[in-house]
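Here the chain labels run A, B, C, D, E and F in written order, and each chain numbers its own residues starting at 1.
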Amino acid sequence: MTRTDGRAENELREITIERGWSTQAEGSALISFGNTKVLCTATFTNGVPRWLKGQGKGWVTAEYSMLPRSTNSRMDRESVKGKIGGRTHEISRLIGRSLRAVIDTKALGENTIVIDCDVLQADGGTRTAAITGAYVALADAIEWARDQKFIGQKAQPLTDSVAAVSVGIIDGVPMLDLAYVEDVRAETDMNVVVTGRGAFVEVQGTAEGAPFDRAELDKLLDLALGGGVTLTEIQKVALGS
Amino acid sequence: MTRTDGRAENELREITIERGWSTQAEGSALISFGNTKVLCTATFTNGVPRWLKGQGKGWVTAEYSMLPRSTNSRMDRESVKGKIGGRTHEISRLIGRSLRAVIDTKALGENTIVIDCDVLQADGGTRTAAITGAYVALADAIEWARDQKFIGQKAQPLTDSVAAVSVGIIDGVPMLDLAYVEDVRAETDMNVVVTGRGAFVEVQGTAEGAPFDRAELDKLLDLALGGGVTLTEIQKVALGS
Amino acid sequence: MTRTDGRAENELREITIERGWSTQAEGSALISFGNTKVLCTATFTNGVPRWLKGQGKGWVTAEYSMLPRSTNSRMDRESVKGKIGGRTHEISRLIGRSLRAVIDTKALGENTIVIDCDVLQADGGTRTAAITGAYVALADAIEWARDQKFIGQKAQPLTDSVAAVSVGIIDGVPMLDLAYVEDVRAETDMNVVVTGRGAFVEVQGTAEGAPFDRAELDKLLDLALGGGVTLTEIQKVALGS
Amino acid sequence: MTRTDGRAENELREITIERGWSTQAEGSALISFGNTKVLCTATFTNGVPRWLKGQGKGWVTAEYSMLPRSTNSRMDRESVKGKIGGRTHEISRLIGRSLRAVIDTKALGENTIVIDCDVLQADGGTRTAAITGAYVALADAIEWARDQKFIGQKAQPLTDSVAAVSVGIIDGVPMLDLAYVEDVRAETDMNVVVTGRGAFVEVQGTAEGAPFDRAELDKLLDLALGGGVTLTEIQKVALGS
Amino acid sequence: MTRTDGRAENELREITIERGWSTQAEGSALISFGNTKVLCTATFTNGVPRWLKGQGKGWVTAEYSMLPRSTNSRMDRESVKGKIGGRTHEISRLIGRSLRAVIDTKALGENTIVIDCDVLQADGGTRTAAITGAYVALADAIEWARDQKFIGQKAQPLTDSVAAVSVGIIDGVPMLDLAYVEDVRAETDMNVVVTGRGAFVEVQGTAEGAPFDRAELDKLLDLALGGGVTLTEIQKVALGS
Amino acid sequence: MTRTDGRAENELREITIERGWSTQAEGSALISFGNTKVLCTATFTNGVPRWLKGQGKGWVTAEYSMLPRSTNSRMDRESVKGKIGGRTHEISRLIGRSLRAVIDTKALGENTIVIDCDVLQADGGTRTAAITGAYVALADAIEWARDQKFIGQKAQPLTDSVAAVSVGIIDGVPMLDLAYVEDVRAETDMNVVVTGRGAFVEVQGTAEGAPFDRAELDKLLDLALGGGVTLTEIQKVALGS
């Protein structure tokens, strides 16, 4: 069996990161996983939400959204429908948790960073691309805040880097970084969020078709950890570190 | 280290299932995982949503909600807020997917079953209790439909049973079926949905504190599979099968 | 003419009150009027809504809701519809007014009690069951607050007890405490809220069919006052007073 | 004790009805109860809501609303708040029920009449003014439909007339048709809807202060029936019948 | 070509202004442009919105709405739909901007005036009638505030008067103040807001059919300026100035 | 007086159009007016909205939105707020009307084209950039539909091209194509939509400060027509026509 685009089973799509795409945001990255393109911007503001005030800690949160025609057929805007769908909520929460896993909120001080991940074009793996790009925007916003002296020169709010990738089983074969045409055929679909040091932040596996067994789960985790190493490397290059 | 309620690390709380609690619904179960109590009702109706018509397939979906004072401090009603929160959406979708994993939609025919899981009292593990109880309500609704001849006498829409349990790491120790006081202290929190035959339907692990490594993940999966066996047994007893 | 369940015209259904059903709320009662079951919880909090601050007075309010499958056919959730229907609003307001009629807000001090009445199963008379059960939850929450010293040891915020019952005319015959099958056939439907001392708090009569005359109205009021006496007695027993 | 405006206890305010105020609606009336002014319009359309189709019956419904500055201090618009309040819902439903009590839906055929009652200026008794004016608009819309041959020449959908008035107890004295300054002081407030023949359609009494006893209730009903006779007469004059 | 109602091309419909229509509002006017009737009320309150506090400036804003049966066929209420439509938003904003163009916010001090323009009957030109009537209500609210000493005796928050009128091209002929039957046939439709001194505040022209050229635009502006002179005169008469 | 970026008063910013930016949409363009960047996509679908069915005519509509961090400080998402603001509604409607002004709906047949204009970065003039880019996406979607034979080979739904530009008066000087820093200082702000042949589709002028006179209006219209000629030329180049 060959993949539509000829990739090996353990091969990522072409990943590009345009760091600093936005002239407005404190940090930003336009990330591509093949044809999937996500614009990630980071907004840094002094102060924290009311429920967190006075604890000397910062806050990082994220919002995910898709442009109506990012997909093959047009979706109605959630602003027009007047409510946010379950999938959008779920992914926004996932991105936020993933970023907070590498944040030392004490070191951030009473400051808030909001990450917006807007999918300009969708071809599978938008949430994993969003997390991977969001980290770059986040790192730059923290750098900006240090330059502006909103956080101390020696403070290091980032405890590690974080990236994400999808894996899945298609016709019984475990594969890395599914494109849309692969994703719809997958029996099992899993999103894995890993740190630069290779630990897990999130593991979300779902049987879309037949339930999966322990051996299959193990193979998927191997693929994901491998993909994470490469994504971490690409993030480092983008950040020039 | 001992657990607040003296349980062993691989021990479930007391599980009870009051099958047929409702005199109104086609299937129902009031399930308790210790102090967590969830009322699950199954509504069977002929016909399917518009997007599924004419394909000879049925549909199973679920809605989860918490009573405002099911928790220790009162939460505002989502009906009053005018919108459903991300967590509620996420859990409703999880329950629906879990049940559909053991449904043969062809065998169900063009019929819809809606499962309502309303948390009357919450003490950790509400989503896993909901899935476990929902299966019982679902099974009874299918039995009812067979009696009413809405589905064929030989049709078997259920391909397996399904149950769910939480696991987590507290002070470095992996544990089964976390109560609320344990859940808030857990570094890693995982919900695992398994079939009666022991395969995975969903694996959702989140690092609330430090990221977790492969070895920890393996131990959590072991605990969850063990808990699944017991829950499956309890479901069988409740259903008299 | 005989009633479906063989009751006399001036006879209530079986009434049961499970006081302290909830381990979370400051006061609670699971009340049944026959097959109608309503879970009433009382939440006590220090402080009052902004518009009441600084007046030395407390506040009591209520919210009523039905589980989607509490009824014979499933209703959509109001949280899903994104708005609360007129009937729900009307009943929530009625319960709140009824309870406030027996509250001395000065004696309550600047504290708020929210009563949640969630209908777990509906078979007619849900609003009157809710009021009758809510009083028990309210009384217990006040007792709790006295124990916690949130209100003075001698303060008596409750000036009386309160209960409610439905009456109606079916085929020209006035009857007490209508079950659902009776309710849908009633020409006139009336809900009456009375205090333990036998005075009226609310009288809400509606001609569903032919308008009713003064003589019929008088008979309905007689039945309601009689039912009120019995309900008051049952509340006293439940509260052990 | 004298009333602010010098009226006797059983005296209505000045009532005027400007029939046919609107050049757009099928029926309309601008009704005044003293300074309370309500514009009532009736919209007649062929067809009925989906749930009523094919039964050969018509439908009458009503919507009530207040202009933001109809009252002494400005209220936010419900369209701006994005939801309709409980009081508005309650009154809209009351008006609709009151009108349907004098409608023979079979004689109306499969047609719908929507009555809009918009309070242009409020000084107490807006709901009772609305019902009284709505009947005039309704009668004219039916006349219009007969002229247009949307209903048969001999069909008589109106079985009676309907009007409404408020009564209340102030400083222990029962009084008819409360103005706003009286309404806020009333211990008991009751709205009574009566037909032209003097039967009750709705009786809604509420103890705002102390609960009321049977004797007080009787006096309020006497006053309301008296007011109903006068309002019926004024409606007849307005309709030239 | 003659106009339906026999007017000359540069002739306004009959304009009437009932100043002080409301006994509740600080300023009010019921304005008619032929059959178009708009009730304008002005609410004066001390203080300004939060974003304007402490700058020594006042705020004037407006809300526009149509009664559901102000038009020939009934429209659903925006409160029922749960959201405000684009056209309503657009017109509310236009009225607010138009009034602020003649307000010296420093002279108004930290006070807010909200103008409500409710269309009781619609026959074309509701937004221009609303602006013209709103000015009268605004002027009276300012006078009231001066009497109440909420603003200084010599302060003059009004720098000019403001009025508005529609113009359009029908069958190639430019015309002033379109009635509804004209409006629907117009190829170009323009709303022009002018001050008492004859300067422009807003010019909003739209090609409904064929695009319009510079010469047509010039003729429309001439007509509008002429209409503005007359409306200014009528406002002066209404205000007795 | 010199402009911040050194442009002449009648000079546009650098305009670039990346035609076919999206691999998903039937037509698309990423347009820049200096730092303002708008992604325009056109979605072609068979069929028309219900109210237009059976008339042999097509429909073109548009939706405008800004990414939350397209601007200098982050704005809340309209999907999160649960409603669309007045400004968004206004601009969406303007874009739709502008495009329909150059569409022959008969020639389009019963097909719908939805144009989405999402502002990725904002620096003034987002609505005029959106209209100018939307025309390119629209033209390509029509070409696509002709290739797919959804419209006839000889049908020409486009009757002209359309573009838009802002003009304004700053310190008394009329200027073309305002950047954000200019826009906030402008006394008068005008958006002008013109066809390729130089006729007006929309003229929307607003006095933000002092009202403007006829002579100023004339100069602004001259500038806008000049800018329109250049934009039309750039559109032609982008479309290779």
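The working rule: a contact is a pair of C-beta atoms (placed from the backbone, for glycine too) under 8 Å apart; a residue touches a chain by one contact, two chains touch by 3 or more.
The chain lineup, named per UniProt: A, B, C, D, E, F = Ribonuclease PH.
Keep in mind that this is a model prediction, so the values were computed, not measured.
Chemist: If you walk touching chains, what's the least steps from chain B to chain D?
Modeler: 2
Chemist: When you check each chain against chain A and chain F, which touch both of them?
Modeler: none
Chemist: Of the pairs D-E, A-B or C-D, which has an interface that repeats that of A-F (more than half of the contact pairs shared)?
Modeler: Repeat of the A-F interface: D-E.
Chemist: Which is it for copies chain C and chain D: same residues on both faces, with over half shared, or different residues?
Modeler: Chain C vs chain D: same; shared/all numbers exceeds half.
Chemist: Chain A to chain E: how many Å between their CA centres?
Modeler: 51
Chemist: Counting in whole Å, what is the centre-to-centre distance of chain E and chain F, each centre being its mean C-alpha position?
Modeler: About 28 Å separates the centre of chain E from that of chain F.
Chemist: Just curious, how far off is chain F from chain C if you go by their C-alpha centres, in Å?
Modeler: Once rounded, the distance between the two centres reads 59 Å.
Chemist: Please list all residues of chain D that touch 2 or more other chains.
Modeler: Expected reply: 82-84.
Chemist: Mind pulling up the chain D residues that touch chain C in the complex?
Modeler: Interface residues on chain D, with respect to chain C: 83-87, 89-90, 92-93, 97, 101, 160, 190, 194-195, 197, 199-207, 210-214, 217, 221, 225.
Chemist: Please output the residues of chain F touching chain A within their complex, sorted ascending.
Modeler: Residues 22-25, 28, 35, 39, 41, 43, 45, 63, 65, 67-74, 77-84, 88, 114, 116, 118, 120-122.
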